[in-house]
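This structure is in structure tokens; I'll ask about it shortly.
Lettered A, B, C and D in written order, each chain numbered from 1.
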Amino acid sequence: MLLQRFLVRLLTMLVTLFGVAVVVFVVIRVAPGDPIAMMLPPGASNDDIARLRALYGLDKSIVQQFFIWLGGVLHGDFGTSISLRQDVLGLVFNRLPATLELATVALLMAIAIGATAAILGARSRGTVVEAGIDIASGATLSIPDFLWGLVLILLFGVLVPVFDISGRVSPQLDLPFVTQFYLVESILRLRFDLTWDLLKHMLMPAVALALPLAAIIAQLLKQSLKEVLDLDYVVLARVKGFSETQVILREALKNAALPTLTLVGVQFTFLIGGTVIVERLFSYEGLGNMAIDAVINRDLPLIQGIVLVFALLFVLINLAVDMMYALLNPRLRHG
Amino acid sequence: MDEARIARRGLSPRLWLAGGWLLLALLAAIFAPLVAPQDPLAQDLMLERLPPFWLDGAEPGYWLGTDSLGRDLLSRLIFGGRIAFIVAFAAATSACLLGSALGLIAGYFGGWADRIISRIVDVWMAFPPVLFAILLVAVLGTGLSSVILAIAIIDWTRFCRVIRAEAMSQARMDYVESARIAGYGRIGIMLREVLPNVLPSVVALLSLEMGIAVIVEAILSFVNLSISTDDPTWGGIIAEGRLSIHQAWWVLVFPLITLILTVLSFSQFGEALKARFDPVLR
Amino acid sequence: MSANMEPCLDIRRLSAVLPNGQRVLRSVSLSVQPGEVRALVGESGAGKTMIGKAVLGVLPKSVRVVEGEMLIEGEDLGRLDAKARRNLIGARTALIPQDPLTALNPSRRIGPQMTDRLVRILGWSGDKANQRIRQLLDEVQIRDPERVLKSYPHELSGGMRQRVLIAAAFAAEPRLIVADEPTTALDVTVQKQILRLIAQLQRDHGTAILFVTHDLGVVAKISQKVSVLYAGKVVEEAETAALFATPQHPYTRALIAATPRYTDPYASLKPVDESVLAGLATEIAAADKDWRPGHG
Amino acid sequence: MAEPLFSVRGLKVALPDMTRKPLIGRAPLAEILKGLDFDLPKGSVTGIVGESGSGKSTLGRALVRLLEPSAGSIGFEGRDISHLSEAELRPLRRDLQMIFQDPMSSLNPRHTIFNIIAAPLRQNGLGDRLKERVAEALQRVGLPQGFASRHRHELSGGQRQRVGIARALALSPKFVLADEIVSGLDVSTQAQILTLLEKLAAEMGLTVAFISHDLSVIRRLCQQVIVMREGRIVEASATDALFDNPKETYTRDLLAAIPLPEIDPDWLRSNAPG
């Protein structure tokens, strides 16, 4: 049952990815600007242009170009970046870890803040504490990560400058890293001075990304906790003599978390989508920041590669969430 | 009933505060040439980086100070509101019409219509929205209509997903069967029984989406991809403010406050309207 | 049942209000003697479930008890702090809930759900608890206890789930069980089996039961004493046999006449007379007029 | 006996079983009704009784053609309606009406009571004199005229069910399906609704299929009874015959399981079925 579910989801995932590839390919090809013209110095001869067009395969029809490109992608060849003249896959893998670290830290923060607020709110339902949590999460939710980023820059970058507001790591530091997963590696190498420097740079973009998601988790989880807390089996647990905290943690949390989980999956993809602008805001050298440069430079192969990697990340997250949901739900596990 | 009455009393100030700010901002934007104290484009290097009125060195007539080119901040904010509101109304309405219609059809009819629409939504949701927007504007070329079109193309899925789910749960209600018993056809039932029940959500989402459209426009201006660079936009002012943050913080603070108030107001206004529409609370 | 025996449950002048001040319980007094089944009958909004919840300390947060005492085997719940009250309720009482569909946690296996009180609250060893549960599953006539204990709730039928819940309720030998409409969600044939099981276990274990129901038929079959409720007020209290033989209050008479009986179709199903409702309204108004929230 | 309004032969209904639905493809069909034969005589009330899972509600929904049978025929006034399309059914709707179990879910919260009762009138060519007709329908079920402008949440459970009856009877249909219409109500309200339905059925000469799990209610209201179990008819006969002299063990078990509101010390001890 679980395996079957997994295979079906995998199939729909591939269909979605193919759809994404088609859409991004079509969108980019109708762009009026000519990327080749941007690469060459003014006054380049028509022959030069034609030669370069052929080099990048731009002289063939869109359908042909698509399948040539797709064939390459399936072999792990995403083409060569026009603006950076490097292998797209290499560029993307060079930047992806920075974005993944940022998004993961943000997700963990969001879950910690959101779940705490939800449990607190559910415990003290009907009091001013709950009303306060409602108002705070409602307002936090309405303000997107872009604005939170600016607010944080003002508050902790300028007014009380305790955090760095630019870059991923202090430029004067000597980095011993061999992978791009700086945060993970700094911990593994026990270089906690570097970990601290990385976190100081990461904290504000991560908080900006985490706050709206934390508010959503707080609202949804609190709502479903309150619903579950009125159900008979929770009443029964109270009658058995368990305290309210025990009741929430042992009986209610798992069942209440299920509906929240599916939504957190979708929202996590929004969070990762948010890294694009937040990385820009904090000059954080991740995939998103590179994506904006790629668009501005009309670097077609790079844009395609980045968008496809984002899409792959999104469908993988949805797949993981779906499997987790099935695993946690005995009805599906044994159905 | 009593709880409902209490809830409604709690909602009203929210409706008035949010609606009040939006009306104020909208009127200022419409009558910008009359309201703005200065020409928003006039540069005067003698007046560069003037602080807001309560600080030393402020000039009368430049209430919120000036930017690094000596342009009046308040006037630029007021004129920037024009772009923001045009984008908000046009983009959100288009996204709403497209997404709600498709969501209603997918949710109520199910079957093939649902499968096709849901698959398209899946593909759309696999794009990072901000990157998608930047990409579209880059492709369509900068300009007001490109920005509006890009936002509508991206954000219709928001409506589609929510309305589809609500239409599906409505379709299971007995009053849908009861309408069949009364002799209504499928489209009649969709319009008469299902649509009125999903409308409050549509209204709330529409208002929320207007706030989102304002933000997306600001983000596009921030990365210099919105409309022509001469016209003042909230995002454009923010981009300048981000650069001169250590010399003139007010250039960032005032547009930021304006944006936050506007976005909060749109979302709260929508929620309050939805609660108003709820027949159980009426 | 001698008069000097300490009642298992003693409720004295219990009143409760909603946040808007509306009274939902109106000076309710009732007692349950050891080993007896006391039915609490009334229509929706009568407050019968509220009383059961008040006894077990699980009232919704919006309902506030403003007056009265509740004693379980002589111990006043109002004088205990929250933890002591929880322990007392956990050790001496149990609940058979209404809906067997929602009364079991869908994500936990039946076994741990049945033993957790014994092990975690009463401090029994796991083996002893398991043995006890098996014995009770046998008493509720579950033939394959191993399979049931390993199951998740959705794998059992409604009747099976209600058996499990009954077994769990009796497992710790409580002195008092609150049965909150335990058969309302069941088909009649299953209902009869469940009622018979409850009656049999109640006799065998000598447990007192506060049986909440809206069905006068069930009242007639299972209880020795009845309290009839209307709008949070006890309008009549009697031995069950006496209540059906000579109902005193007009509302009780109207309720009996409205209850359908296939054996006598034209004597039953009579709509409640307007004058009865008017009389009840006067009674309630009179009760509220002189009432001031006490200091309980 | 008069000519029957409904004449049902070999009726089978199969519905997709969503619990066994594979992830790809359609859910397998589960046969809910396994071949039913019966007639509903004109102008009489027929009780359909059974426990959960007996298929009684599915049978009702097939009669008013909310469901399409997988086999067999449903003759209505001599015409087989079992496979008519939605469009072909529309002219028949005027005569085939239904009262739902849960008035909360069967009344649209967005519409006024007036609009709810007027909908079937408008849709069936009775849109003229709408105000008069709705007023008449309200009066018939004993609701004050002022209720026309109210919404569902402003009514009590019994009043909502009266609106459900008014809506079904506004068209003066030939047939009304009443699906567990009192199971959510208190006994005192239940008695009011049942006496109202009894009175209106007699006055208007309605043919009624009354679905219920409660045999006591059925005895009072119905002229004949169909007892169902697991998609089949166990026993069908005139009411008095069935109650006074049940032929099938299952019927006797059902009767024996009803707790009557009277003292009977032996009841719990007597053998329970199953």
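Note that contacts are C-beta pairs under 8 Å (C-beta built on N, C-alpha and C of every residue); 3 or more make two chains touch, one makes a residue touch a chain.
Note that this is a predicted model, so its numbers are computed, not measured.
Placing every chain at the mean of its C-alpha atoms, the farthest one from chain B is found to be C. Of the two chain pairs examined here, A-C and C-D, it is C-D that is joined by more C-beta pairs in contact.
Distance between chain centres (mean CA atoms), chain A to chain C: 52 Å.
Centre-to-centre separation between chain C and chain D, using Cα means, comes to 33 Å. We define each chain's centre as the mean of its Cα atoms; on that basis chain B and chain D are separated by 49 Å. In chain B, no residue touches two or more other chains. Along chain C, no residue makes contact with two or more other chains.
Among all residues of chain A, none touch two or more other chains.
On chain A, the positions that touch chain C within their shared complex are 125-126, 230-233, 235-243, 251, 254-255, 328-331, 334. Residues 173-175, 177-186, 188, 192-193, 196-197, 279-280, 282 of chain B touch chain D in their complex.
Here chain A touches chain B in the complex through residues 12, 15-17, 19-20, 23-24, 27-28, 30-33, 138-139, 141-144, 146-147, 150-151, 153-154, 157-158, 266, 269-270, 272-277, 280-281, 288, 291-292, 295-296, 298, 303, 306-307, 310-311, 314-315, going by the rule given at the top. If you check the complex, the residues on chain C that touch chain A are 53, 56-58, 60-62, 83, 86-87, 89-91, 93-95, 97-99, 102-108, 113, 116-117, 120-121, 152, 154-155, 165.
Those residues of chain D that touch chain C in the shared complex are 51-52, 186-188, 190-192, 194-195, 213-220, 243, 253-264, 267-269, 272-274.
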